[in-house]
Each structure stands twice: as C-alpha cells, then as structure tokens.
Amino acid sequence: MEMVPSCPNHPDVVEGLRYCSRCGQVFCPDCLVAIRGNTYCATCKAEQLLDLTSGVDQFTLDLAGIGRRFAAYLIDLMVLWIPLIGIGIAIAVAAAGSKEFNPIWFQPAALLAIVLWIVYEALMLASRGQTLGKMAMKIKVVRVDGTELSSGQAWGRAFMRQVLASCLSIFDYVPAFFTKERTCLHDLVANTRVVNWS
Amino acid sequence: MNDATKRTRIGRNSNFATRQLVYRTPVGIEIDELDHFEIVRKRVFYDDVLLVTYHRQQSWGFIVLSALVLLLFGILAVVASSVPPLAMTLAAVAAVALILGTMRLLMQVEVVSVFGRRSKAAIHYAYRKAFARRMYNEICANVAAAQRRLASEIAASEPPEERAVEEMPPMPEEGTAEPS
Amino acid sequence: MAIPRPAYVGPQCPRCRAALPEERLHDGANVCLSCLGDFEARIFHPPQRSARVLQLAHSGPEGGVSCANHARNAAVAACDRCGLLICSLCQLDVEGGKLCPSCFERLSQEETSDTTRTRFRDYGSLAGIWAIVGLIFSALMLGIPLGILSLYYCAKAFRHRESRSSLGFVIFALLLAILDIFFSTSILSTIFRHK
C-alpha cells in the first residue's frame, strides 16, 4: 500500500500540495506563504526573511562588481600578452633577419591574438566557469539561473565577445554599467551573468 | 529612511579588490561594499551572532604597495637628480611611502571579526588601537544584550503554550495538535 | 531554485577562513589548527527564533477571524500598510512593522523598504566619475552635458542619504561639475566670439 502524500500539519489534505523552496517538504496551501515568487513553510519563512535582510538571499544572484570584472580582464590581458609578445618578438627577429620586411607580416599576429583569446576564454569557461583573471578576482560566469555554464555557451560567449568587441569596441561593455544585471552585450547574447565566487 | 536606522561608522575593511565600510546599527552590524556604481549592503544581526574575534595581523598588501611606490619614486628621483625641484618632490613622495610602510610594518593591523549564522563582518584598524579594543568590547556587549532580550521574549511567549500542551492531553475537539 | 554559491556556513578562523569546529572554541585566547594563528574570541549561543514562528494558529474560523490568505489559520495581526488581517505565517516583520506578503512584495519592488533593499546605486561615486570625465573632455564641449549629468547624480545623492558613501566626495563632485560647465561655456563663448 503506497503512502499518499499529505500535509504534515493537516493530514487530511492531500490535494494542492506544494514544495517549500528551502526545505523541499510538501505542505498544503495553508501552510505556505509566497515571498518574491517562492513559497516557504513556517520555519523556512523566518530563515528566508533573515537571509533577505542580511543580504545573503540564496535565490538572487550575487552579481560581481564592475571594478572586479575590469581587473580580471586586465589580468587576462597580461596573461595572454606573454605568448603574443613572444610571437611578436619572433616575427620581429625573422623580419630583422630577412632583407625585405613587410609590416603585413604582423597581420596574422592580430588574427592569432583573437583566436588565442577565444580559445583561452572558451576552454577555461567551459571547464570551470572562470578564466585566470576571474579566478584571481574571485568571480565566475554562470547561467542566468545560477547553474554552471555549458560548453556551447562558453564557446558562444567567447566568440561573440571578440566579434562584438572588434566591431563595437567599448560599446560591447557599456551596457554593463547601465543594466540592472550588469550584462555586457556578449552576456546578453550568451545568457550568462558574472557573479562573485569566493 | 527613518530615524530608527541610525547608524554610526565604525571602520573599514578595504583591500586591493574591494572597499567596505562598516557601520553599527541598533540591530546589528552593516557592511557596505562599494564598487563605484553600486553599494551592496550586508548585515549581521546581533541576534544571529555566533562568534566575535579580535586578532592582530600584518597587512602585506599595503606594505608591498608602499615598497613599490618607494622603489618607483626613488628611482625616478635619482634619474631626475639633475633637476633639483623635481627630484625633491619625487624624493618626498618616496619618503612618505617609506614612513607609512614602516609604520604599518611595525604597528600591524587589528582586526575585529563578527561571525553570524549566515553572514560575517570584519573591521580593520591600523592606527586606532584603543578604539579597536573598545569596539570589540562594545560589540560583544551589544550582542549579549540583544540575545538576552530575545531569549526573554521567547520565554515570555512560550510558557503558556508549553503549559497548555502539558496539562491537556491531545484532544481532537480542541483542534489540531501542534507538531514540534 | 536555490542558486549554488560558495556558502558561508558558520564561524571561520579570522585569518585563514578555515571552518572552526565548535568544540575547539572557547572564550578568550584560541589557536586555529589550520594556520596556527592565535586570536581572541567571545562565543555566543543565540536563541533559536524558529520556535516562535511555528505557532501557526490552529483552530480555523470557529472562534476567531481567519487569515485573508489562509483559510485555516487564525488571524493574529493586521498589516501596517493595508490593514489586511494576517496569520503568523503571513506576518513579515520588517523594521517598519508588520507587513502582509503582498505589501512586502510591493515595497521591495518599489525599493522603498529599507530592510530588504541591499543594493543601491552609488550616486555619489557616479556623480564624481562623470564630473572627472567631464573635466577631461571639457575641451570637447562635453563638459556641459557631463556636468549636468554629474549635477543630476549629486542631487540624487543628496536626496537619498543611504546611497552615498561620503558627503565630502559628493561636494567635491558638485564643485567639479560646476567647473566643467564653466570651462565648456567659456570655450564655447571664445569660439563664438572669434567667429
């Protein structure tokens, strides 16, 4: 004989049961209160209210500050400059060696830089949601609901970021200053958010 | 924006990545984290506090920064030694960095940390040592008072219920029994 | 759905942030086992609040009035804002008083409730940044629009006292913004005079 789920407080109610968003138990509608789109039972309601007023609400994203994101970007830039400068030096040495030097030799370096950026960002975001700069600044790229990125999203975000940054330069980043969720254009396209992760 | 939320600033907790200002309100400790565009506010209520600590540590970030400034401006001063006024200004900046760095190295920094059930706060005091000790004592006193008050409130509202449950065995006509 | 975040779950060593097991802590001098650092501590045992909330009034509307949202719960209070009769489950205690869930929702969306608002636009810093940018670009006549924008943020900073970190910085931004506008207008007037 199977147990029919019923409300722990009102055993006679077996219909219309819902879950409490925090403890996961089922309750009848009389034992649940709705706050900001989620339902809570009596004990969890007090905890949720304390969480909200303490600023540690587990149902809202802890969006990372712009200063931190910019610092992470600078660190990533420095990390990527090392191989790029190496390649630049190699080209310069090769150019100094040969008689005819054409500045167009540096073109593949620019393209290589973009490809390197995409590969670096995509691989690191797909594996752990953070690049080296983001790890140093303790921030992370997640989906809108807070879960981990899929590899498709990581590659899409990295690719679109380079495309948008090349076409629009800084305007790719400007929406981050004005939107509530601090999304750059590449965040909007890839449906991602950047949160604190310490 | 009511007068009940009167808050006084009691210190800072700033490092390379963040800038935090810490305040004290009648119900707890408030931490404002600033990043030039938004202020994110966290609270540790006195009713929630589990642990308050006090310790002394070295602030390496500040010392490394002042060492770098000293190095940079010192080298620039030497390079510009042919232009005395410029060299003097640069040397003055380097000297200031040296003095501040050495002071921080010798004095260290006192840290008062407040750990609650769901949030935490930390306040760094570099120069106001006596104030730090006073804050530690005051915060402990506030927490103890608030928790004592809460305990008496709970005790005041509980006994009638408990007595009722004890004296009356669960009778269906009275209503549903309270599951505990 | 709860968002996974590196949770702060309890007291940590103030130096190395390792979790401190309760049995190792005592009042006074302590040593952390992970980093061997010493610290002074005072331990507290806060009383559990949940005991109070569990008093979901049973016995429906036989003797008393029932809650507006829950038919089986007796009403124990009235919302301070709309007067709705609510049970202890609906009763949300904020610093201003008691609220019913719908008023709570409305206040937090309008962002007028001080207790639940935890993110504020930092008008002071914004005013300062726009003033500085305006000063840099005042030669390009951008000082006027950026100065006005900075003044707008200064006004907002003065009105919303909780959204600014330091009054001095706002005043500095105010002066800078006025300087911006002055610079740009003087540049404009010199250009027009020469035409």
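By written order: A, B and C. Residues from 1 in each chain.
What we mean here is this: contacts are C-beta pairs under 8 Å (C-beta built on N, C-alpha and C of every residue); 3 or more make two chains touch, one makes a residue touch a chain.
A quick note: this is a predicted structure, and the numbers were derived from the prediction, not measured.
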Completion exercise
Closest to the centroid of all CA atoms, by its own CA mean, is chain C
Exercise for the section: Could you let me know which interface, B-C or A-C, is made of more C-beta pairs in contact? Expected result: B-C
Problem - CA centroid of chain A to CA centroid of chain B, Å - result: 28
Exercise for the section: Starting from the mean Cα coordinates of chain A and chain C, work out the distance between those two points in Å. Expected result: 23
Exercise for the section: Mind checking the centre-to-centre distance between chain B and chain C? Centres are C-alpha means, answer in whole Å. Expected result: 16
Completion exercise
Going by residue number, chain B touches two or more other chains at 35-38, 40-42, 48, 117-119, 176
Practice task
Enumerate the residues of chain A that touch no fewer than two other chains.
Solution key: 9-10, 50, 53, 55-56
Completion exercise
In chain C, the residues touching two or more other chains are 8, 49, 52, 54, 56, 118
Exercise for the section: Quick one: which bits of chain B touch chain A in the complex? Just the residue numbers, please. Expected result: 17-18, 33, 35-38, 40-45, 48, 116-119, 176, 179
Fill in the blank from the handout: Counting only contacts in the complex, chain B reaches chain C at residues 1-2, 4-5, 21, 27, 32, 34-42, 47-55, 57, 111, 113, 115, 117-120, 122, 136, 140, 143-144, 147, 150-151, 154, 157-158, 161, 174-176, 178, 180
Handout entry: Touch list for chain C against partner chain A, complex
Key = 1-8, 49-50, 52-54, 56, 69-73, 88-90, 92-94, 101, 104-105, 108, 115-116, 118
Exercise for the section: Under the touch definition given earlier, write down the residues of chain A that touch chain C in their complex. Expected result: 9-10, 21-22, 29-36, 42-43, 45-47, 49-50, 52-53, 55-62, 145-147, 195, 197-198
Fill in the blank from the handout: Listed in rising order, chain C residues that touch chain B in their complex are 8, 10-12, 14-15, 20, 25, 30, 37-47, 49, 51-52, 54-56, 58-59, 95-96, 114, 117-122, 125-126, 129, 160-163, 165
